[in-house]
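Here you go, one structure.
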Amino acid sequence: MKRTVSRLLLAVALGASMLTPVLAQQFTVMGHRVHQLAATGTAETAKGGDVTEEWRKQHGDINWMVGGHGEIYDRLLREAAMPKSAISVGILLGRAGYPEFFENLEPLNDYQAKDPITNFGDISQGMIDGMTYDGRLYAIPMRQATSSLIYNEALLKEAGIDAPPATFAEMVELAKKLSHKDANGNDVNGLTFMFSSDPLHPLNIIFGFGKQLIESDYTLNADTPEVLNGLKALKDLYDSGGVSKNILASTLDTMIADLQAGRAVMAIDVPGRLGVLNDPKMSAYAGSFKSVPLPVNPNGVSPTQTEVWYMVIPKNAPDKDLAWSLIKTLSEPEATIRMALNSNGAVRVSAYQDPRVIEAVATAAVQAETVPMAKLAIPGLRNGERVSEVITTQIGAMLLGKFTPEQVVENFKKELTPLLPAKP
Amino acid sequence: MSKLLLKILSFAAIAMIFVWSLVPVLFIVINSFRFPRDILIYPPPINTNFSFDNYFDLVKNYPTFFGYMGNSAIIAISATVIGVIVSACAGYVYSRFPGRFTSISGFYLIAVRLLPGLVISIPLFPLVGYLGLMDTHAILILLYVTFWVSVNTFVMKAFIDQIPKELDEAALIDGASSLQVLFKIILPLSAQGMVAAAVFVFVASWNDYVSALIFTTQMAKTTPPVLGEIMDSVVGTNFGVLFAGATAQLLPVLIVVIVLQRWIVAGLTAGSVKG
Amino acid sequence: MRAIHFLLLSPVLGLATIFLAGPALYVLWLSLTVSNYGMNAQFVGLQNYVTVLQDPGFWTAVVNTLIIVNVVVYVELILALGISLVVQRQSGLMRVLLFSAILVPYGISDVVGVMAWRFMSDPNFGILARGLASIGIDFNWTINPTLALILVTIISVWHHLPFTFVLVFAALVSVPKDMVEAAEVDGAGPFQRFWYIIFPFIVPAVLLAMLFRYVFGLRLFTEVWLLTNGGPMGMTEVLGTYLYKNAFRFGDFGAASATGWMMVVITLLLASPYLVKMYKGTFRDV
């Protein structure tokens, strides 16, 4: 009896562990699902085909592990503590670009010298700079997501307006004017954006009044009239119903749902969003959404912000030469164009001049205009997430009436300064 | 009169239980048959086109979802079987053989469970790598068993405590071994405890996201990380597909629950032997 | 205790030691260091504990968590008892249906379950919030931290009631019928039967449910994370989200580990009455 039981237990445990065949380690890329779709062209709307096909014929299959930026960042760091990483190429956001994180990555200058990516200078210099530290380049840009003004043309027309606003201040006024209740008793707000998890969009509104809160060289502009004007505009939008009273809890998903259902008319968002907004299965206003560069700020500049996804090789990656060859394959000019045809935000502006892209990507012209001038919302920072938390909390408190815009400026100075690197 | 009142009250209570438990689930299930544009709106549309489109989209866009369900099943069933057996063995000892070692180790078993799993996962990652168990079914099974041994050992102990000692003492005097007593007398009489323990391990393993995400790369991946994938932080979530996935994920749990609950009734008849 | 008894205990104790106790001690060491993912750890003594204890955000999280967990544990217990008594009176198909229905929230992936609640309660388009609004109740949890915490509590009870229910119900059906019938013959009313016969019988299961609901309830995370992210103004932060932010958003493993160990202490304090009671009941023969 005793032996039967222990045998049974042993058999179950062994049997279970045997179920996992021991395979030769596969070449693993960890990124977001959009990167997989862009590279492999498997989405229904993809017109660029499988960019990795040749590479896979030569080097074998790719195991795509997908997750959000947080999961990728977390996993890369966990793997960094191991003798050998399970991940050969990681794809993550530029916000991870700070010196302590670079310690876990392989510098790529030598690879680029030995086996260069064609026409490397065509890739936006600003994007390259964000990932260069001490003269060493740690990451190659793969995808950008650049903000624009998205608007529901049908709802604008309904309100008697023919064209999107020309200046940022006009946009704020228009948002207030467009707000009303619809026939079903739903609040319709002039403008919507994400708030709850990320201060990206509130920062974009501040930028719309002339200056970024934090510039790429870590200058804190809290104490400028431009930032104060931006904060006042946010408060004004909230109090007057230009944005929803629930904006503090607004996520990417509720923002999209509000637009699709016609509960919001305009949004600060990436042009790539038009896909889900104009899909008849998902949207009550399919075909009615348009994207234009964000209206200009008082300096006559469109306050465009961007987020960039980069490809990196972990320092302890199993096969770094192979990893570089995949990065190179995905970074060639033709690959950039094909990935743009697979709905990727291209990192070479030249891709938006390609006739295939102009034909297939409705927002090619907008992106060609906005991508070169786009700024990072917050530059890569060791304390980036803490900075985000401070900004979200302070602006939230202002909207709820706990702090005045002037107090928020003071709090920004007090709380953000210690989180930013000292200026050289 | 009071009988009628009781009937009405019990009817009302049953209705409330159904509403409380099922309304949010119905929200998910019904919307899994609607076009995404009809989900996050008010008022909820009355005559929309109900279709299986979301399920087709799930299969088409996330082909790994149903593929990984096999892994989920292997892992959840193994964890449940192993988890219930080891907890029953330990629960038996804790119930029947009190002593200094059992009382100290019993406290230890609860104490180790007090630290949140979130921080435990920090050192667990290199440990699992060192053991060579990364991306195996075995590691997820072992972890799910471990996460529930504390609860389930004490669940089993509590239910074994209810069985009159005379029953197994008599058997021991008749020359039966501890193991025979455990498997022939104790376990059949503590079926309710085993059902509870089994439900806990099965549901937790079936739906676990965090460990499945951290400790697998490909071979041992289960379905919850795919649900996580659908909740997309870049292009936005397709709620039709997400709810279709959640509904598909719920069905096996319902089957297991319906099968297991029969045992609670079986345990009821066995229980009448007691006392 | 004979060898066979140690053998029967060994899988449970072995697993708990390898995968829980060992890592827990490592986390204790981490809590005394400054580190990121356990790398380049530098010993700093109790500094992390001091930092966390001086952070007002931590105390907001402690207060919120304590309120929610106490409400959750007792509400769940009362509901589980009541529901178990109702289900026990049913038989056949109705009983299967009820039992399954009650367990359904447990079977839904927690993230999707919270999402469903979140959308049903959305002040813009949620049927619950709009329904309440139509009878004059403003349930805008997005700007009111108290309402947000109430919603968190409701969702938490909804999700975890099955745990308490399964334990209480299983204990209830294992109450020997003849004991109850004998009491009935002796003229005990329904209340007396419950209080003097049934309740003492299910006390161990009740204590068990409460103890572990305190342990798990203190880790409350998904509900808050998906509803409010701890906002507005950090007013809805709970210990689970506080720890998560420290560890995985801010990469401060020392502070996260220290928070984890303080949660151990809080749980011990909170659960000690139940632990002592259970312990006395359990090992009174010692």
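We call the chains A, B and C, going by the order they appear; numbering starts again at 1 in every chain.
Assume contacts are C-beta pairs under 8 Å (C-beta built on N, C-alpha and C of every residue); 3 or more make two chains touch, one makes a residue touch a chain.
In this text, all values refer to a predicted model and were calculated from it rather than measured experimentally.
Engineer: Consider the two chain pairs A-C and B-C; indicate the one with the greater count of contacting C-beta pairs.
Structural biologist: B-C
Engineer: Which chain's centre, taken as the mean of its Cα atoms, is farthest from the centre of subunit C?
Structural biologist: In terms of C-alpha centroids, the chain at the greatest distance from subunit C is A.
Engineer: If you average the Cα atoms of subunit A and of subunit C to get two centres, how far apart are those centres in Å?
Structural biologist: Centre-to-centre distance between subunit A and subunit C: 35 Å.
Engineer: Where the centres are mean C-alpha positions, what is the separation of subunit B from subunit C, in Å?
Structural biologist: Taking the mean C-alpha position of each chain, the two centres sit 15 Å apart.
Engineer: Residues of subunit C that contact two or more other chains, please.
Structural biologist: Only 4, 11, 37-38, 122, 124-125, 130 qualify.
Engineer: I need the residues of subunit A touching at least two other chains; which ones are they?
Structural biologist: Touching at least two other chains: 2, 9, 78, 81, 185-186, 254, 257, 261.
Engineer: Would you mind listing the residues of subunit B that make contact with two or more other chains?
Structural biologist: Within subunit B, the residues that touch at least two other chains are 39-43, 86, 126, 177, 179, 228.
Engineer: Applying the document's contact rule, which stretches of subunit C touch subunit B when the two form their complex?
Structural biologist: Residues 1-2, 4-6, 8-9, 11-13, 15-24, 26-27, 30, 37-38, 82-83, 86-87, 89-90, 94-96, 98-113, 115-117, 119-120, 122, 124-127, 130, 158, 162-163, 166-167, 169-171, 173-179, 201, 204-205, 208, 211-212, 215, 218-219, 221, 240, 243-244, 247, 253, 256-257, 259-261, 263-264, 267-268, 275, 278-279, 282-283, 285-286 of subunit C touch subunit B in their complex.
Engineer: Contact residues on subunit A for subunit B in the complex?
Structural biologist: It is residues 1-2, 5, 9, 12-13, 16-17, 19-21, 23, 26, 28, 32-34, 43, 63, 65-69, 71, 75, 78, 81-82, 86, 145, 184-186, 252-254, 256-257, 260-261, 272-273, 275-276, 280-284 of subunit A that touch subunit B.
Engineer: In the complex formed with subunit C, which residues of subunit A make contact?
Structural biologist: 2, 9, 70, 74, 77-78, 80-81, 100, 185-187, 196-197, 244-246, 248-249, 254, 257-258, 261, 263, 383, 385-386, 389, 392-393, 396-397, 400, 402
Engineer: In the complex of these two chains, what residues of subunit C are touching subunit A?
Structural biologist: 4, 11, 36-39, 122-125, 130, 140-143, 227-229, 231-234, 245, 248-251
Engineer: Which residues of subunit B touch subunit C once you look at their complex with the stated criterion?
Structural biologist: 10, 13-14, 17-18, 20-25, 27-28, 39-44, 86-87, 89-90, 92-94, 97-103, 105-120, 122-124, 126-127, 142-143, 145-146, 149-151, 153-155, 157-159, 161-162, 177-179, 182, 192-193, 195-196, 199-200, 203, 206-207, 209, 224, 227-228, 231, 242-243, 245-246, 249-250, 253-254, 257-258, 261, 264-265, 267-268, 271-272, 274-275
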